[in-house]
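Okay, so chain A shows up in both of these, paired with chain B first and chain C after.
Take a look at the complex of A and B:
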């Protein structure tokens, strides 16, 4: 297979769990480097990752790894997967676990041993890998998960929340390891619900919300996209007319509707503003200066909602 | 990353599959809760069988006689106290001519039915009655000499009627009802359903599903890794139950072990499939064992044709009848299929069930988050 073929390709992929739409017409192409996948809980990140390593089949569309259907077992030779679940064969030692995983990739005993030692060294566990897994800290377990994902030297590494539960020093070590792997030509797809932790690692981000990819690109591109795109924000506040007057004085505000027809029938005002980040900063100052009681602040556009949440440093929920 | 300048042998999917078979076998070394429950169940059954055997529970002579316990005199219930129920041997002894004549001589005929009281005044009728009433004693007490030659008798054994009765009685209650109905299905359920069940419970199946091994291969490897445990415990349990059953148990072991082995393999394949399909395979398996295999398999009608134990029992029944034992003592098996049919079904069932499981598993998704 030509290396020109995308390493990971999602083509119009949708996934239903019964009546729940988990992924909605996702198209994504990865060729290398590190890609951060961010989204709130339930946004569809894990479903996307499980499809990429062939645990799940798309209801519609196709997922392929170097041109091979991701559901095909041969595609798993190319993929290393580090799941977010914290489940092991607890009675095994870390070294034994990684060795068994290498053996289950089809290597001989000697080759498995060599690979096991190499990856344990790589993730910084070679000195501590003889203890039973049940006695490991969260960070050590994450490293062992990473070791098993690396043991067959895959081209594509899919890491589901690999930094969760790791202390700052360990986190820094792993970030350096990820960068080193990317420098070796590996493609890494790393999910996180915190953009902050990925921001140090990569500039290429995929933002998901409610089963859709709402933004792909560098953080800079995404920010510019948002700047160029006005956002509607619902604000429930006392003294709405006074607040509307204050808001209209802001340079970022395009319009204010003081009697909007809201879906839930509630009362509030809807502000249309450009450059959302700047708008929220200015609005925050207004709230403090005029001691406004804000009961609700919600972007009405779901995509913008999700993107803003991340760019503003939240968990995707503004 | 890891192969660097080393010369590394290429990975082999077949090697990975073989490793998975071994690994699946080794995972069962940790005896799980259900395994302990089955072992305790087997222990109880073995103790019960040993106790019953020791007390002659399978012997016709030791059984309580089925007869009216209150004597009747001149067509009226006697005022005498009800008789304690005698064993068949005691009853046969009581009906012997000399016992009856002794009772008549002593004027103690209250405890006899009118037709059992000797009637010396009518020698013909009395002779006929004595002849008929002597039959139980003859059946209970006659023995078969065994020796290297007709004139060299080394020991005597109970007659054919009694040994057959003992064997069929043991087979009916211990082998057909208890072992095939409960013990064997539970043993295989505990091990076979655990192949995937344990991985699901501990959510560790993800480690297998992300290895470069075909899904159907994973299913087959897990089955082959589990099968030796099922056979070892299924047949081991069968041997234990048979050895606790004395001479009848030893004969049952010699005659029935192939059927028990076939049944074990068939059950193992079925419960392995149950473990792969259901999130709570033990519950589903128990419902199947206690409802379908135990109840439906002994009911009249064609539903039993879908019961695995029915075919194993048919094999056993045909083997017993073929050896000259009375098939009438196994009333639930009068509709048994031929041995050839039973062999075919028991041999084909594991293959068909496993192929179906491989097909199904290769199309099924595994979610590690639920």
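Take a look at the complex of A and C:
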């Protein structure tokens, strides 16, 4: 199969559980890099991930991995899946569990052993992998799950809440590992509730709500698409009150706060504007005309939380 | 400067291609068996099954040993004299003479231990995967759902054959050694094939039934209750129905009896010699067994279509 074929392709996919519509005509294409999957509980994230991994069959539409139906076992040679559940055979050691998973991929004993050791080393578990799984902490379980997903060196990695329960140092290590994997040319689809971590990892997100994909792209692109939504912009200037007066004269400005409580404790003004694109054009002209010295210009709500809040109509917390 | 060993000890990347999902099924079966043999209760049950086997093994030997004695003579058991006639009468129902019924009876008695072993094996090997949600780990690997089931059935099949077919084959070898072995092995070779056929039937039917019931109820206690219902209550009910309505077809409710009849068919036993009488015809037993297999396959097919999240 040509590598030009999309690595993961959802074509008009819908999934019904009885009378519940979990996915509604989802179309999505992934070719590489790291993609974050965000959405509220019940948005359809897990259903989407399980379909990408061939664990669920779509009611309508088709899911394919490099052109092969995801339901076909051959497609799973290209996919590594790290589920959010951590139910193992508790009597097994971590090493043995990963080794069994490698054997299920069809490798010989020797090759399974070599791959097991390599992935355990990679996820930082090689020293602790002989303990039984029942004695593992949440973070260790996450690492073992990640190791089994990596053991057959898949092109596409599907990670469901991979950072859950991992301490800050371990989290940083895993974020670096994900970035290294992406740099190797792997495609990672990561579902996470921890948007701050996800933001550090990738700028490319898929936002889901009520079984639909409501936005795909970089956070900035998504924000730009929301032209009719107001944007909050922090502006640090020398003469804030005068600038506030000038800004209020602009047609796109809704409100100006001259004494906002900023997270870093700095001084500046916060402008709420209607159409971000047009506001920045007008503000640029204003700066030139009045020769304003702008020390800082920062949109405050291009974070995933804020965008998610707009899209989902809530706080953005998932 | 690179040392000479750097070029000699370089790791050569694996250049093979992964084997297919059928191979993965055997790997899954091996892993499942190891898990099963870690259970202490399982070893206790195996010991019990071994006792049944040793009972048949040594009694067969004992009967040959006393066959040269007169019925009125006696042998001493725990310092007590027991007549040869009494011993022969005691062991007569087991028919320990190296015929089809010897092996049929042996597997029948092993069945009591086997059903408990399978109830435990089903919940450990399959039920836990569904109850704890570990199934996605297996199904995320390049195997199909049927390969997963095949792996589990293989593991259960090994347990079944360890308890029934393998010891029955040892009894066949012993029966030959205790008599004129050349003529016994030649004349009764079909019995060996019959034992294998009986074992194959048990393997297919019971492994599918174990997996299907484990998928249905998942936990050990409900699983044991269902198996007790199938192998204790249904036989009692079928016996009562046979006596009440005087129709031997009611015995078809008794799955273990159906399997016994299928086994005796494989062993080429005369239907008139089967106890208790009357019994349904062999073809009827096969048909009832095939219906159970079909029901299990259809149920499993329905269940493995998806690992549903929302019920």
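Please note the rule applied: the second predicted complex is superposed on the first by the 227 of 318 C-alpha atoms of A that agree within 3 Å, B and C clash if a C-alpha of one lies under 4 Å from a C-alpha of the other, contacts with A are read in each partner's own complex, and residues count from 1 in each chain.
Throughout what follows, contacts are C-beta pairs under 8 Å (C-beta built on N, C-alpha and C of every residue); 3 or more make two chains touch, one makes a residue touch a chain.
Source: prediction; values computed, not measured.
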Partners on chain A (chain B, chain C) - clash or fit: clash
Touching partner for A:7 - first (chain B), second (chain C), both, neither: neither
Touching partner for A:22 - first (chain B), second (chain C), both, neither: second
Partner chain(s) touched by A:119 [first = chain B, second = chain C, both, neither]: first
Contacts of A:56 with chain B and chain C, given as first, second, both or neither: both
Which superposed partner A:184 touches (first chain B, second chain C, both, neither): first
First (chain B), second (chain C), both or neither touched by A:150: first
Chain C region in steric overlap with chain B, selected from 112-120, 166-174 or 184-192: 112-120
Set intersection of chain A contacts, chain C complex versus chain B complex: 46, 50, 53-57, 73-74, 76-77, 79, 81, 83, 85, 87-89, 91, 100-101, 103-108, 111, 114, 148, 152
Chain B-facing residues of chain A, complex: 46, 50, 53-57, 73-74, 76-77, 79, 81, 83, 85, 87-91, 100-101, 103-108, 111, 114-115, 118-119, 122, 148, 150-153, 181, 184, 186
Contact set on chain B toward chain A in their complex: 1-4, 6, 8-9, 11-16, 19-20, 23, 27, 30, 202-204, 206-215, 217, 365-369
Footprint of chain C on chain A - complex, ascending: 17-18, 20, 22, 46-47, 50, 53-57, 73-74, 76-77, 79-81, 83, 85, 87-89, 91-92, 100-101, 103-108, 111, 114, 148-149, 152
Residues of chain C touching chain A in the complex: 14, 16, 18-21, 23-24, 27-28, 31, 35, 38, 128, 132-134, 136-144, 147, 305-311
